[in-house]
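As written, the chains take the letters A, B, C and D, and residue 1 is the first residue of each chain.
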Amino acid sequence: MKNFVITREQLANLASKLLGENWTVISPSQNGSKYLKIKDAKDLIIDSALKPTDISMKEHFFPKSETLFFFKRKKDDYELIDAPGSEAKTVIFGAKPCDASAIPVLSKVFNWDYKDEFFNKRVENTVIIGLACKFEDENCFCTSVGLSPLAENGSDIFLIPLSDDKYFMKPITDKGRDFIAANETFISEADNISEPINDFSTPQKRFSTENVKEWLDKNFESKFWFNAGETCIGCAQCAYVCPTCHCFDIVDEDCYSCGRRVKNWDSCQFELFTKHASGHNPREIQGKRYRQRVSHKFKYYKDRFDELLCTGCGRCTRGCPVSIDIGLILEDINSHFLETINVNN
Amino acid sequence: MNIYKPELVEIKDIIVETPDIKTFRLQFKDPQLQNNFTFKAGQFAEYSVFGEGECTFCIASSPTRLEFLECSFKMYGKVTNALNRLKVGDTMGLRGPYGNYFPVEEMKGKNVVFIAGGIGLAPVRCAIWNVFDMRSEFKDVTIIYGARTVADLVYKHEIEEWKSMKDVKTIITVDPGGETSDWKGEIGFVPTIVEKVAPQSDNSVAIICGPPIMIKYTLPVMLKLGFKEENILTTLENRMKCGLGKCGRCNIGSVYVCKDGPVFSYLQLKELPEDF
Amino acid sequence: MKQLIEISKELLESRKAGYIIGYTEDKFHRTKPFIAHTTNDAEKLTFNQKAVHNLAVYLTRLPKPKEGKIGIVAKGCDIKAIIGLIQENQIKRDDIIIIGMNCNGVVKDINIDYNKENSQMKCSICELRTPKHANYIVGALEDFAKSELTKNILAEFEALSAEERWKFWEKEFEKCIKCYACRQACPLCYCEQCIVEKSMPQWIDSSPTTKGNFAWNIIRAFHLSGRCIGCNECERACPVNIPLSLLNRKMGMVAMKEFNYRHGIEPDQPTLIGNYNTSDKEDFIM
Amino acid sequence: MEEEKFEPKITAFVCNWCTYTGADLAGTSRLKQQTNARLIRVPCTGRIDPVFIIKAFEKGADGVLVSGCHPGDCHYNTGNFHARRRWIFFKQLLDFVGIDSTRLYFSWVSASEGKKWVDVVNNVINSVRAKGPFLGYKNLNKETELPLVNKN
């Protein structure tokens, strides 16, 4: 396998060239709020130490609002018109491992039976250039969910900093290899340089997801949930900023002669999410809704798709208006599990 | 392929069942689709009124009668109210069929008991006609149907037809206080009537559908009568949006009701977390 | 915080309070809302400069205690919200026990310790550091580093042309993802059914498009006109950092200028919206 | 070219008891008025939720007129007093977010003021016509509209 090296300047030149060829170029924004479409290569941000953006990268694959089709009324009949899909070739520079690794996880639910072509087309058209992460705060727990600052899952190409200015460039997928081949003028081959050894401070592993799952298997009715969810105000910002939360709503918007059907982000934290027409609500209190969120991430999705629905990015904790820390909740679950083992022994 | 895009169907007929329940007879606008459309008893579909949204109901007609596709709905929210405003000849959207179905093939050679309450008769009716159209392959058939009042009974004409059939035992009941002066049927809640009728439980399959409270009290009666847990079938009515196992709304634990359901046996229900 | 814990323990032990809404600290030294049900829980109660959350939000969201009143730890901002709720007949003063906290300013970002940069503007102009209407007053007032009021952002913003203001909000509202965290974090947003959840007809588009976002944010601000008590929790809750307090402050200014009114000051004062005066100005009416 | 053809669309929310009757009187008295205003009858000005006005702009209104009974004449005694207080806030809020609040007109027109109604409507229509189309909201609609290619 060939090794490649790219400098910061070459990355900017590459972005510039792609912009010239009408590619959509995305990078974390200057103010750290989100992954942004950039218009000028000078806005490209490649920084390992960057704090995860306020909202995750998923919006470029699963947008907050997406037209499914338009409908046009014609006398007594209707015409359904497909929404023009985005065919633009897209590249994302500097994706955090905790963002990039969410894409294959999401892909499972969007493809397990019926295939969501809106999502798939975007994934197909996008080259994700991941970047090793040198950020850590008390909210991060990627190592606890089986990832790491060097996790390559989901990236097509992975960058590891060699110095402030130079990156080791590792193709991961065929799409990544093709991208490198197509842009080789910007990339140096470097057989004499080998993959840098991990000199990253890795976040300490805080809990075992196996333990958590085993506890969740048996404690659906536990009082724990009602304490954990007691101070939750049900605002759902956690779900909206999450790289893996994928629940959505489908609504129609009308304007007399034509209208559209739209798919919008939604969340299990809302009371209305599961409320039946009859008024019966399976999850009528916040504790149950909080249980659903944690269980879906660490049990249900694992049971169903053999993946954890969490990448440990810590966004939900950083943004929570009432400072609920999912990491601490999971640590609690972990220690509850260990207690039960000790009791049984 | 856009999995969220419905096909266009035309309303061929509207039957007013009760003041707030209607049945639509639908046909695909595209004749080829109409010819090729098949489904199984118990499956559901997504019905849309453009500009208002989509709504999930079971297909109420039998898969043995494919000339029309029927759905019955009760006016409750935004979409069902919009459906209520539609007229014969109007166009609406339909996606489906989705979900699993009643194991009609496996029920052959067995006694069949249908128990329904209120609009819960819709999915059961689909199975009833399916069974009737192959009547010789099943043993005894019993129908127990109840509603709050006489006016709330749906499919009134068909009920009369079932009653007149010799090889079917049809018991209709209304809740106490819901009867009229000339009411000749039973008076009492469905679970009580089931216990009274006590259908044969050996070599029998029961299909139960109705409001959650009815199901809750009927299940113990069925067990008491000796029905096997795997032979008590019901359909779950979780809120759904996509019907495709994507939107996450109908989750009960790791089960997607829209894909793994809506038909569940009591044996399966027992294993699910109490989240429905 | 010994005094706070002692009062709380006494209230819980005597069953005068069914539970106490307060703050606790986690192992990362972040202060967070906490409901103390037992005297053991009460040991964990605390109060400090990171106690930024407005606890009054729980008064309309938590189930009533089976026995006793609701105890609530409240700094100035929380008090204003509580009084506001009393003015609007959502709670009764007699149903709650207020443990008032002398407040020495609160942080903007809960993950960072208090300092001049990580402080809230509202604290620099606070008039309620020692809460009124409380059953108890706990803690001592100390000097704290206030953020400087170097410029009046509101006045600066109003000096812009209408077109510039529209452009500004267009850019801000475009970001909105309709998570409704602003609503949920607001102690004065307690409607059983919010207007965005009314679907027959759908008054406010539920899609997070710029158009729908304009409608939502304008109506949210309008519904808080003359009611907002200025705790800034909506802005802190917003995951995409829309400067919502700008709207709320403007509406607060209107209430002050036109009616000389501030919400959440006196429990007996009639609310502004919901009452009228025959001499209200009408120079804008043809 | 476009501007020459511009005819403003006005949505008028009028109260059932005074202004609507006043407008009726204008009709029965055969008073001529311009026809750009679409009247929406509501029970009382107190019933007019500001969200109605937002909706009107969303749906393409170039101007909105709100009209009801004179203060003191309200059929429900106090509806228009409550409404008046709300408008004080709403008008300034619209201004603050950069929506031209001069496109929002308020008036008191009683059941006997057919002539005043005609004057009010004509004034509103003329002044909105002078302002031109309300582009702010119209441009927002582009995001959710059927792409032009398919419009024909």
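Heads up, the rule we're going with is that a residue touches a chain if its C-beta (ideal position, glycine included) is under 8 Å from a C-beta of that chain, and two chains touch if they have at least 3 such contacts.
As the structure is a computational prediction, the values presented were derived from the model and not from experiment.
Visitor: More contacting C-beta pairs: A-C or A-B?
Guide: Taking the two pairs in turn, the one with more contacts turns out to be A-B.
Visitor: Based only on mean CA positions, could you tell me how far chain A sits from chain B in angstrom?
Guide: Measuring from centre to centre gives 39 Å for this pair.
Visitor: Can you give the whole-Å distance between the Cα centres of chain A and chain C?
Guide: Once rounded, the distance between the two centres reads 31 Å.
Visitor: Between chain C and chain D, what is the gap in Å from one C-alpha centre to the other?
Guide: 35
Visitor: Distance from the CA centroid of chain B to that of chain D, rounded to the nearest Å?
Guide: Chain centres of chain B and chain D, defined by C-alpha means, are spaced 49 Å apart.
Visitor: Scan chain B for residues touching two or more other chains and write them down.
Guide: 77 - these are the residues of chain B that touch more than one other chain.
Visitor: Using the touch rule from the top of the page, what residues of chain C touch 2 or more other chains?
Guide: Only 202, 205, 207, 209 qualify.
Visitor: In chain A, what residues contact two or more other chains?
Guide: Chain A, residues with two or more chain partners: 249, 251, 253.
Visitor: Got a list of which chains touch which?
Guide: A-B, A-C, A-D, B-C, C-D
Visitor: Which residues, counting only chain A, touch chain B once they are in their complex?
Guide: Per the touch definition, chain A meets chain B at residues 68-69, 71, 73, 76-78, 80, 82, 109-110, 112-118, 220-221, 246-254, 259, 261, 263, 266, 268, 273-278, 280, 282-283, 288, 292, 295-296, 299-301, 303-304.
Visitor: Contact residues on chain B for chain C in the complex?
Guide: Per the stated touch rule, the residues are 77-78, 81.
Visitor: In the complex formed with chain D, which residues of chain C make contact?
Guide: 158, 162-170, 195, 203-205, 207, 209-211, 214-215, 218-219, 221-222, 225-226, 247, 250-251, 254-255, 258, 272-278, 280-282, 284-286
Visitor: Note which residues of chain A are touching chain D in the complex, please.
Guide: 67, 70, 72, 81, 84, 253, 255, 258, 260
Visitor: Flag every residue of chain A that touches chain C in the complex, lowest number first.
Guide: Of all residues in chain A, those touching chain C are 33-34, 54-55, 64-65, 137-139, 230-231, 233-237, 239-241, 249, 251, 253, 262, 264-265, 267, 270, 272, 318-319, 321-325, 328.
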